[in-house]
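Presented sequentially are two complexes of chain A, the first with chain B as partner and the second with chain C.
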Partner chain A sequence: MSEVVQFNYSLLVPEYVLAVTAGVVLLADAFRAELKLGRGTVPWMVVAGAVLTVLASIVTAGRTGEFAGLFAVDAFTTFFRVLLAATLAVVVVGSHEFVTKHIRHQGEFYTMLVFATLGGTVMAASRELLTAYIGVELLSFSLYVAVSLAKRDPRSGEAGLKYVLLGGVASATLLYGMSLIYGAAGSTSYGLIAEHLAKDSEGVHMALVLGLAMVIAGLGFKASAVPFHMWTPDAYEGAPLPVTAILSATSKAAAFALILRLFAGPLLPVLRDWQWMIAVISLLTMVFGNLIALQQTNIKRLLAYSSIGQVGFMLMAVVTMSDVSASALLLHLGGYLVTNLAVFMAVIALYNQTGSEEISDMRGLAESNPYLALVIAAGLFSLSGMPLLAGFTTKFILFQAAASGGYLWLVSIAVIMSTVSLYYYLQVVRQMYVLQADGSLIDPQSPDVNGPRWRLTATGYVVTAGLLAGVVFVGLYVSPLAVAANRAAAALFS
Partner chain B sequence: MSASEGYLMVSLFAIPLGTALLLMLVPSRERGAIMAVTGLSSLVLFILSVYLFARYDYTSQEQFQGVVAWDWLQNVGFLGDHGIQLKVGMDGISAAMVLLTGIITLAGTWVSWKIQHRTKDFFILLYVLIAGVYGTFVMLDLFFFFLLYETALLPMYLLIAVWGSTRKEYGAMKLMMMLVAASILIFTAVFAIFTEANLGTFDMTKLFGAHYDPRMQKIFFPMIALGCGTLGGMWPFHSWSPDGHAAAPTAVSMLHAGVLMKLGAFGIIRLGFQILPEGAAFWAPGLITVGITAALYGAISALRQTDMKLMSGFSSVSHMGYVFMGLGTLNVVGMTGSVLQMFAHGVMTALFFLLIGGMYDQSHNRDLPNFSGMAKQMPIWTIFFVLGGLASLGLPGLSGFVAELHIFVGAFRVYPVVGGLAVLTAAITATYLVRMFAQAFFGEFNPRWNALRDITWTERAGAGVLALSMLALGLWPSPWVDRIANTLARSIPGVSL
Partner chain C sequence: MEHFLGLSGVLFALGFYGVLARRSAILILISVELMLAAVSINFITFATYLDPERFTGVIFAIFAITIAAAEVGLALGIVLRLFRDRGTSNVDAADELKW
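Moving on to the complex of A and B:
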């Protein structure tokens, strides 16, 4: 480490763009009257910033940098930069009408979303425990605030408080776990930890195991894995819909980015010490998430539990950690993000019209807005892993990777739980397609009882159609995403 | 057959998918356009199916003909070269199944033009189902095989729950959940097969030749047999079938009982017998036991039914029992009989559901005791029904006879007792059918049904196509037998003549 330290800061342009966007948005909103900006300007600035981030990430894609082992810019980082920034753009485009109506302090709200995205990219890029922790906290704090910004909804404040209190405990646990790992390995840099742990892997190091357990608990909280999931349904339900979308997309993706960086890098030499912990958590998560989802009547809570179930599936790939399973996990994460955003954007469009989050209020949607019903149905079928859609393909590859890794028993439970998930998704489909607006069963012999037909806004159509196309595209031609995921996974193990 | 026929095989599932997409663009009030699109599409599919069946060369030594492949995903993760391909090809079994699908698609489309309620949505889902079925029969890549297999299940819930009748929500949910739950076993077995073969590819032609540990084969063959068997209506996991079929609209019952259930038996042959032959040999007696039990159980249950659709549903369970029995004989005669029975039962049961549907649409009643002397009021309907019934009880000259004869001969060779029980089953089948003829069709006419009319022209055309296919197989079985028997003898290791 005696060479001249020379950093190529141009590799950090995507992060700069995000940070500048956040600052500009905050100022622009504060001085909106003076600058004579229209209401729509702020969200479009965010979208422009996110799109620029995606472009900058793609431009820097070929080059790599180490930043003295603090912060890696490689294919893995690029993968998450693109994924997270694109998520931000999609959420803002799909929800700006919602935000105008239902959010307090809109400038701050958008700023928080941008900072959350920045935190996510830092988590994906960090190769050092404290840098990673800063990323985690940046993401978490932004979301604590964003969760509680709903207008006239007491659930929002409650959710924010629960989230910040429990999140604080989780962060402390994570930090304590990190400090124990530092104690055992003598460094916070991933590379040096890996070197040290690889050298003396003889015997069980109690401090290390305790540290691992605490890190897993802390990260389990961020990824909402059972038994650290308690906050998820309440936060999802109380948070305004766009924030719920971010929680289920950005927050989850970033948590898995960090999990992959940690467990595929510094902690890989002690695989035997943590593998069983993750296997147990994965099992619990997929079983409980899916079973509890069966009895939900609120679409946000349903999606919360279903996303917990999905986390259980994804953790399987962590159990069998290898470049093969990491590549499958990244692929599934990409497919899951597109699908989940499609569902959320459609639900936001629906909420703009009906103002309800109850699943029973989706009755007769197939007649009053067949397009939106199609998007929601396709999204839910994809989440349950039905074919022609992203979910089937990416889940198949994820499960096969875990099976090839020697965990066929866990995979068979995952397949069972996947079938359970189909049941509750079908309940939503049933409300939309089989029941009519007055709650009666459709009967071919008598005329339909329909609510009035209604249309989405232009941006609503654009964003849902784009995501639906994405869901079908990934389902039918997975190759581009799979190749990107494979490259990212290869960078992880290089 | 050459690669150009391979492209036609791709079009077998590309055309229905394209039809579904095209229908999405047609406004739902344009019924004429919907009829034109679906009519043309079904006709093209039928012609293609007949052509491909005729072109299959059973004298050739190649196991699969008309093979074409496109790489879809390779050298990523656990996949090696040509990891997942869109690879199609045909053997004699798939040739017969493709023909069956063509026939039933044609008849099913014609009778569905009657549907007045959300017609467009119905056809979109129906054509997705058809695409899935066709695709599974010609697919030679395990990933796409399974993808299309699931595609065929995907639209079932909505098709039954929206357009069905009698307890449709219950029937739809039960059918969907039981079938998807059964796929759990297939999923698991597929993962295990890929891992065990360790070739880094889902190419089935390579997986057929791979080495699998005999113990692994014995563990995973029953998973495939139960998973696919559930879709094939295998006792004791058949209970979705009578309920689902009673609830489903006519064309869905036709396609489901006629083709989709065959997909289950086809899956057992493809994934079970061809990939895991040692497991199949080990479990063959079990398959025979389940098969003969199903045949007897279904026939006895059918005796007790008064709802025509339920009777037909249990009759399907019984006839599919023959299929599993024939597969378990492990000799070419019995297994050929199984595949023949898949074809024969498919055509016959589709005819039944078509006729029952044609009557139910007018009378809204399917209870047998309510009917008598229908031959007077609906002569054409009765003729077709009796023809189907005679095929079902195995009258020589009709399709059922050819198939059952093969199965019985095959069964007598291995277990004479089973052969004897199978003949007994045929006798029970004759009992419930002849009793129905005597009561419902002949005898004194019940004036309550004065307003009933005979079936419509589209229904007659559909029934005519199905009846002609029954006669064709019954009178000139060699095109079927040649294709199927040669394929089985060549492609299943350890099968005796």
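Moving on to the complex of A and C:
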């Protein structure tokens, strides 16, 4: 039993970089006066850490490691490391001005964002239940705190409270489900669970099905699938905008990373037991998310319900689990992240100017800042799946994968719901392009009459332009992202 | 083994009932703790009866307890923030965000 275990720790450099960044940022902010650091230093340290993480992930991309079946470093992990660290960098750059004005305890705020990213990469890499659980909690705890950090906004504390209480229940449910799966399979390692369940799952069937249901409920909460979505709109609305962006990007991506690892690996032998559960949840999620979105007046809440609808589409690919649909899911996740970040960064820039989150206050934006209106419109069109933009290509491939997996009825409903989503996205576009600030229609003969034009900050331009370019790039030329998604999915099933 | 699993099932159900029925944020937290205690019992039972030569379940239970403690500390901080904003820790007071 006393064999020496040799691990190649250099494969964990991206995680080390993130952890060190979090610690350094926290200390640097605490001793800012003594170190004579400027106000902008701390966020740039976070950005540097995130960029280093991306570079380190790319450098280690070719190599794989197992870490005794606990923690897999492979193409799948690399995909999520790059995605999540890039998200962190973009959000921090794009929200610097917002954070200075509206966040108390900025050092802690940035630390929490970094820890959330770290939790996400751990979730993507874990191949064992305990490791996965620690990743989940690292991500969730950081976000509980980050949600409640808005200055002078009672909604923030309320959102944090709802999120932490419901999150606690969800974690307990997830853990109980994990304990039942451990009881049924006799191990917490994904490899051993798969072996055991492939051999026989008859004798322990009850416990297994109950455990699966509870794990799905817990993970459904993290991914905000209906009927476990209740916290999502409240947390999105109450949280400061950059945190909402992280909630919609990092938290979703990490939840799907964990779902893919779990359901494509150890739970694949018992596909029949969970396939119908996810199919039902996927159906409910896409229907309710999109229908409730129709009546929203707050842009954050609208995006919350729209992201719930998107989760419904993504869950379709989990239902028809195969390497094709996993790759389609990863691709759609990538496209969704770029698009969603573009919308959120534009909304943050808008909020810096107007201080309002109501959709009705976006009236006349096409006049006062045509560029920003264009970014928001392009992002929303991409979310609804308009051709030429990222959302169309990735959604098309996703629907195709689900349809060829034999769930044509689910895909038909998804197509209908996708059309419904166009309606509420267009409502926002209408406010920006058709109405003037006082609510009257724009007169095409004499435009430019009311409302002075205003400009974004330089970083605002750079971030939104970069993301807009990303949205168009993925829409027109999808193959680089598709190749990465394919490789990641292949690693998942190897 | 059935007795232990039964106990844990009852504890989990009681905790879940408490979450739904209690209106004070503190009591809801205690109910969540009850659910997590049920999880620990489950893990230790399975570890003792099914997997006695390794002790994965026990380690899992230790981690679960530690993380649960961290969660309570964090949640109490957020409850304090609500208390400062509204002067109560009753969750019904948190009603500003709807639909």
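Quick note on the criterion: the second predicted complex is superposed on the first by the 481 of 494 C-alpha atoms of A that agree within 3 Å, B and C clash if a C-alpha of one lies under 4 Å from a C-alpha of the other, contacts with A are read in each partner's own complex, and residues count from 1 in each chain.
Note that a contact is a pair of C-beta atoms (placed from the backbone, for glycine too) under 8 Å apart; a residue touches a chain by one contact, two chains touch by 3 or more.
Computed from a prediction, not measured in an experiment: that's the story for all the values here.
*Asks:* Is A:275 touching the first partner chain B, the second partner chain C, both, or neither of them?
*Replies:* Touch partners of A:275: none, neither chain B nor chain C.
*Asks:* Taking the superposition on A as described, I'd like to know which of chain B and chain C A:482 touches: first, second, both or neither.
*Replies:* After superposition on chain A, A:482 lies in contact with chain B alone.
*Asks:* Output check: A:459 vs chain B and chain C. Expected answer is one of first, second, both, neither. What do you get?
*Replies:* In the superposed model, A:459 contacts neither chain B nor chain C.
*Asks:* According to the stated criteria, A:412 is in contact with first (chain B), second (chain C), both, or neither; which is it?
*Replies:* first
*Asks:* Could you tell me if A:354 is touching chain B, chain C, both of them or neither one (first, second, both, neither)?
*Replies:* neither
*Asks:* Just chain B (first), just chain C (second), both, or neither: which does A:137 touch?
*Replies:* second
*Asks:* Have a look at where A:400 lands relative to chain B and chain C in the superposition and call it first, second, both or neither.
*Replies:* Touch status of A:400: first partner only.
*Asks:* Quick check: in the complex, which residue numbers of chain B touch chain A?
*Replies:* 72-73, 76-78, 115-117, 121, 128, 132, 143, 146-148, 150-151, 154, 157-158, 161-163, 168-169, 173, 176-177, 180-181, 183-184, 187-188, 191-192, 194-195
*Asks:* Note which residues of chain A are touching chain B in the complex, please.
*Replies:* Residues of chain A touching chain B: 323-325, 327-328, 331, 366, 381, 386-388, 392-393, 396-397, 399-401, 403-404, 408, 411-412, 415-416, 419, 422-423, 426, 429-430, 433-434, 441-442, 444, 448, 477-479, 482-483, 485-486, 489.
*Asks:* Chain A touches which residues of chain C in the complex?
*Replies:* 12, 15-16, 19, 25, 28-29, 32, 35-36, 38-39, 42-43, 45-46, 50-51, 56-57, 59-60, 63-64, 67, 70-71, 74-75, 77-79, 81-82, 84-86, 91, 94, 96-97, 99
*Asks:* Please output the residues of chain A touching chain C within their complex, sorted ascending.
*Replies:* Touch residues, chain A against chain C: 129-130, 133-134, 137, 141, 144-145, 148, 154-155, 157-162, 164-165, 168-169, 171-173, 175-176, 178-180, 182-183, 186-188, 233-234, 237-238, 292, 295, 301.
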